[in-house]
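Multiple structures follow.
Below, chain A partners chain B and then partners chain C, in two separate complexes.
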Partner chain A sequence: MNRLVYLVKRLLLGLPVVLFGVTMTFLILYLGPLDPVNTILGRDATPEDVRQLRIALGYIYPNGDPVPLWDQYLMTMRDLFTFNFGNSWVIQRNTSVVSLIAARMPATLWLGWWSVVIALVIGIPAGLFAGLRSNTMSDYLTSGGGILWRAMPNFWLAVMIAGSLTAGGAFSWYRDFGPSTDVIGTSDALGAMLGPSPFAGIPVLGVIPDPNLGNILTAFKWILPAALVLGSASMGNEIRIGRTAVMESKNSKYVETAKAKGLASRRIILKHVGRNALIPLLPVIMGEFYLLIGGALLVELVFAINGLGSMFLRATIGADVPMVMALAFIFVIITVAFNIVQDLLYTVVDPRISLEATER
Partner chain B sequence: MQSVEPDEETEPVLAVEDLQTVFHTDRETIRAVDGISFEIRPGETVGIVGESGSGKSVTARSIMGLVESPGEVRSDSSIRFNGQELTELSDTEYNEIRGSGIGMVFQDPQQSLNPVYTIGNQIREALRVNQGLRGEAAREEAISLLESVAIPDAARRLDEYPHEFSGGMRQRAVIAMMLACDPEFLICDEPTTALDVTIQAQILELLDELQAERDLSILFITHDMGVIAEIADRVNVMYAGQIIESAPVDALFANPKHPYTRGLLGAIPGQQADGEPLRTIEGDVPTPNEEATYCRFAPRCPDAFDACNAVAPAHVDVGGDAEHTAACLLYPDGETEETRVSHHQSLGTPRDDTGETNE
Partner chain C sequence: MARSTADTTNESFRHDSSTLTERIAANPEPALRWAGVAAVLLLLELGAFLGGVLTLFHAAVLGVTALLEVSLGAVSSGLGEAAFGFQTDALASISGVRDAAQSIPTLLSRETISNQGHMVGPNGPWTGTFLGLEPAYAWGIRVVLVLVYAFVTAYWLFRGWLVFRNHYRQADWTPTDDIINRLRDHRWGQFGIAVLVVFLTLALFGPALGPTTVQQNIKSPYAEESQIEYFSDDTGSVETVFAGKANFDSKSKGPNQNVGPMTYDDYGRFHPFGTLPNGRDLFTFMMGGARISLIVTGLAIGLASFIAGALGLISAFYGGTTDLAVLTTADGITSVPRLLLLVMLSAVFANHWLGSVLDGGFLLALIFGFTGWPLLWRAVRGPALQVAQEEWVDAAESFGQRPTLIMWKHMFPYVMGYLLVYASMSAGGIVVSLSALSFIGNGLGITAPTPAWGRAVSLGQSYVAGPSWHIALIPGLMIVILVMGLNAFGDGLRDAIDPETKGSDDGDELAAGGGA
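What follows is the complex of A and B.
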């Protein structure tokens, strides 16, 4: 089947998944114990204020009758699927959700990007190295380190590293090393790196009016500890899976055949071993991208980074319904999209996998 | 040590002398190939035949320089290819020999092609590395190679992946890939074992044709006596890491001398009279883990006598023309047991070993 046809088909099949995801979020928000009115007005609100707010938020009609859940649901869905995300209720009342998300997005993307890249850049070569020298001392050190790194829970590692970075900690020198920046909190360098955005004050990655190397370095230095923590688990996974994949591939008959052809071993490793080892690594690498969604929360909290993860948590606790709905909507779409990308990549990496429904 | 007389006409393509390949394990050192010697002359097909575990494939890998730790080709072994000593080459130097000098076709075509690259890609890779062909020239050469191994619709099949080929087609593609290296000498390690009988016959025929066309020398390894009879000019019979009989193919089948060879030939279905059960050789190939100071076949040998357990047999002439030799204390024929044994004892030069049994 044509890749394009497949893509369209998968996109259409993804729609029900997105709908299901946001429906569940809606039900949990509206049927759960959260009460936005209470959060917004506090305990001493007068009944009249409460009534006014309920009308304003769309819970009741002006005549006092409750708006049926079904109607609220339909209106919410209509707004979501027309990308009309509305204004925040709690986090920053009457500010548009889009501008709030856009303001936090760069920090999370910057964190997520580096956590994926650092894990890839260290994990894949380390796994390759360990696999090529399997059962030697250097393999034991590498894969042992990988297992240890994998075993340390994110939240624990985050607290340990954040702690040792503060004054008096083992890594306190890191703050004074190179460009000066604090590592806890959100660095100004990130904003400076992005520069003023043409879109009404909304900073957007990719629109970099001033790609100042100094700013980028500073922003990198700032995010490095957090990115290491966030990428730690996937790095360990990549080392272990990469090692196994390489060991399996390097002992295969086609590698022996390639040697018999007179190929240099570097070429054999890069071309014949590498490509085959990539097949089991693909889901591990793709799985990392989900870190951008779920994993960032803890790390953002510990490192006090003003990102989407921490905002998601605050929005949920504060019952900021439009914000939670919008973020959930975006996250579900990202997840579905990555799944489709992964399936397409499979067919690129491994020609034995066919997009056709019927196998020969 | 027999001296090799240089002969203009039949200068061997490959001369293996006292090849010893050992594998070190925690408990013992396994002598997978224990001091074998043979030669292959231009255009000749030499067969190596033996049971599983007799050291056939290790011999092939030793020649290709593909023996890896914990395996090791002992330093007093000698493998000369066109006069060049291979055992002393570095890995980079060996890469020059592999492919363009010596090619190898492996047993399982299913696994000897990389599943993620097209057939064309893998053939063109061999062309580029060994013949420096690139681009359109490489593609055309690849097509003509696939045609020469009788793959129909070669231009289209070039862009297909190995899983889109049938088993026989895959082995043809592997052979084409090895021919792309343009070797002088081809090692075939059980190339037909994984294929069914009709395909097997086609592949053997193909190898025969290619050999005539390209003047290839072939080392053909198999456990199948029928295949050997069809393809080989000379046959070396291996047992537990040693060659125990070596003969031109006709002499071997007409007049097998070593009790083991007789046993092998007797175990081919269809050789016995009606109603008689198929004969077998009792027992298994022993793991050769110590120096051979006795005949390794003695425990299974129907003709063994006391001396077999105490004297290592040396190769003696059994055909009268120095072409047919066997390592067995039963020969030379017509002598008394005592003279035979002392003859072997005098031939058996103690090898300069790593020290365990030195005087």
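What follows is the complex of A and C.
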């Protein structure tokens, strides 16, 4: 099948999935026993205030009749799919959701990017190493470490690492060790890195960092512990799967052939073993993005990073309906898009996989 | 295994169709020998077993009647009230039976081997403890005995299967034999089974294992019966104090005030894991947490497996539009990141009455079940599709067997193994997510003061670096061990059921718990 036709088909099939995910979120928020009016006004609100607010939030008509759920649903969907996310109800009243998200996004992107990269840079070589030296002491140490690393809950690992790195811990990572950085909130380090960027002030594009190496290094140092935690589960998976994949491919005929024709072992490992071991690793690497969004919530909470995850938590607990709807919508679209990209990438990494076969 | 449906008209097959009872009656000796030991094991701890079973039954009745109450109440308020009346009566009688069961004396109970005593003088000796030993030793003996008992019982159950296989099973060989034999060589899988046995013991025998009880130490430390005696150095005599007051003086809050693991507090109480920042005993807290964690995980994984298995069979059997509809639903549910969905659902239902059933655990189990089935379904969909194309399914269809019967008899046995493997892997994810929710707090997770592992980590968050490190470290290590055990069990089971795919790692996404 033509790749473009396939892509279009997958996009069309992805549409009902997005609709389902968003509808589910809507139903949970609107049918569930959530009471934003009470949360916003507090307990000692007058009935008139409550009535006014209900009208303003679109729960009832000015004449007191409740707005039918169906109308609320259609209105919400129309706003979401035209990217009209409205204003926040609770977190910052009357501030647009888009600007709040844009302000919090850089921290989360910075965290997510490094958690993926660190997991890849440590996990894959460790997995290859363990697989090449299978059933030796160093293999047992590496893969045992991988199993342990994988089983550790993110939130606990974050608590342990944050606790031992901040002041009073074994060594104070944020103050000593090169330039000192803030521990709480979206740090100065990130601000300094993003600040002088030519794109600063423009949402989305403001994320592109200023090419000042010192600032980037400082921001990297600040995010490193959190990124290590967020990437932990994926790193464990990569070690495990990389090891099995290498063990399978290193005993195969083509590696024997390469050895027989006198190829240098470095080339064999890189070209023949490594490339083939990459195929089973691909879903893990892509799966990492999926874990990132959920994991970011807890890691940001523990490391006190002002990102999207911690904002989602605050919005959910505080019944900030537009904010939750917008974030859920964005996350759903990202997840569905990544699934499609993953299936397309399969065919690039392994040409033997046909598009027909990956069609679901 | 028993060929109950064999053709009875044929004379030569007659003995084949004998029931298990008939076969045992023909050769009762091995069965009697096994049952004798089993009965002794059961009698030793009858109270604890009955208590555990009835606690589960209590939770199940509460949950089911609560759902009935809502659905009937929607139809007519009278029916809802009738359901509520029935619920109240049923629950009262069950908890009455449970309390009676729990008061049956058991050999390994805290009363028989007591660690709660006090010194009669400034340097001992101890009175009220088992054989006058120090509380630490009394407690240690009790824990070791309970664990030994649990492992012996687990082995004896396995032994029961062996007796059945050697003496009463008609088939000389079944696929189960191969699975068991492969598990016997699988050290990693055996580690998983051992971990599971230990944690089930912690959950079932929690009240007997802790140095004190959840009721006395955590839930109502100022109740009339929560008074303890201790030898006071100040007055030089034995004094009485409320457990709550003693807790107040035994807090672990860093350098100035700390009761670490394996130490005594000022009131002569032994704390194997130290105390929490509010002075409560961490070990007792962890035992309570083990119980609620395993109940929630068990309910959730049961619900998710049921939905995934049923939908997997249905979508594979009917295919086409049905399959596509289930696929879209599953993709839709998984498209919202799991942890966000969990947080959202538990936050929305935080103040709902459903959130009070089983201290919030019932609601959490429902949430985990209804959000967890898509991943399980995806794992069994492949095998289910394969078996749906087998000739025996065609054959059954062609002679007009009902679809439900075909799915149950001819497809489910083939899919069950996979379901079990992936269920045990995602159980680890549920344990982690559950503790993550309790860690966040704010109305999510298990309601305080009922113990929850995640809350202990949260309480110890500010004391990680310092003398009170135990508060956050120990609960986390327990989660790590349990999750590793569940993963190992899943790995072992997979290798045993399907040795061909040795080393494939499909369970990873499940085991990760959505990034929690």
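By definition in this document, the second predicted complex is superposed on the first by the 336 of 360 C-alpha atoms of A that agree within 3 Å, B and C clash if a C-alpha of one lies under 4 Å from a C-alpha of the other, contacts with A are read in each partner's own complex, and residues count from 1 in each chain.
Everything that follows uses one rule, which is that a residue touches a chain if its C-beta (ideal position, glycine included) is under 8 Å from a C-beta of that chain, and two chains touch if they have at least 3 such contacts.
No experiment lies behind these values; they were computed from the predicted model shown.
Colleague: After lining both complexes up on chain A, report clash or fit for chain B versus chain C.
Modeller: With chain A aligned, chain B clears chain C, so fit.
Colleague: Which holds for A:Arg240: it touches chain B only (first), chain C only (second), both, or neither?
Modeller: Once the two structures are laid over each other on A, A:Arg240 reaches chain C alone.
Colleague: Tell me which partner A:Arg275 touches in the superposition: chain B (first), chain C (second), both or neither.
Modeller: After superposition on chain A, A:Arg275 lies in contact with chain B alone.
Colleague: Which partner chains sit in contact with A:Ala151 here, chain B, chain C, both or neither? Use first/second/both/neither.
Modeller: Touch status of A:Ala151: second partner only.
Colleague: By the touch definition at the top of the document, which applies to A:Tyr140: first (chain B), second (chain C), both, or neither?
Modeller: In the superposition, A:Tyr140 touches no partner, neither chain B nor chain C.
Colleague: In this superposition, which partner touches a larger number of chain A residues, chain B or chain C?
Modeller: Comparing chain B with chain C, the partner touching more chain A residues is C.
Colleague: Would you sort A:Lys253 into first (chain B), second (chain C), both or neither based on which partner it touches?
Modeller: First partner only.
Colleague: Looking at the overlay, what does A:Val349 touch: chain B (first), chain C (second), both, or neither?
Modeller: first
Colleague: With the two complexes overlaid on chain A, check the angle at chain A between chain B and chain C, Cα centres, nearest 10°.
Modeller: 80
Colleague: Considering only the touch criterion stated at the top, classify A:Phe81 as touching first (chain B), second (chain C), both, or neither.
Modeller: After superposing on A, A:Phe81 lies clear of both chain B and chain C.
Colleague: For A:Tyr61, select first, second, both or neither according to whether it touches chain B, chain C, the two together, or no partner.
Modeller: In the superposed model, A:Tyr61 contacts neither chain B nor chain C.
Colleague: What does the superposition give for the shortest Cα distance from chain B to chain C, in Å?
Modeller: In the combined three-chain model, chain B comes within 18 Å of chain C at the C-alpha level.
Colleague: On chain A, what residues does chain B touch that chain C touches as well?
Modeller: Shared contact residues on chain A: none.
Colleague: Touching residues of chain A toward chain B in the complex: what are they?
Modeller: Listed in rising order, the residues are 252-254, 256-265, 271-272, 275-276, 279, 349-352.
Colleague: Okay, in this complex, where on chain C does chain A touch?
Modeller: These residues of chain C touch chain A: 327-329, 331-340, 343-345, 347-349, 351-352, 428, 432, 435-436, 439-440, 442-444, 454, 457, 460-466, 472-473, 475-476, 479-480, 483-484, 487, 503-505, 508-509, 511-516.
Colleague: Per the contact definition, I'd like the list of chain B residues that touch chain A in the complex.
Modeller: Per the stated touch rule, the residues are 64, 66, 91-92, 95-100, 103-104, 106, 108, 111-118, 125-126, 129-130, 161, 163, 174, 177-178, 181.
Colleague: Which residues of chain A touch chain C in the complex?
Modeller: 16-21, 23-25, 28-29, 32-34, 147-148, 150-157, 159-160, 162-164, 166, 168-170, 230, 233, 237, 240-241, 244, 247-248, 280, 284, 287, 290-298, 301-302, 312-313, 316-317, 324, 327-328, 331-332, 335-336, 339, 360
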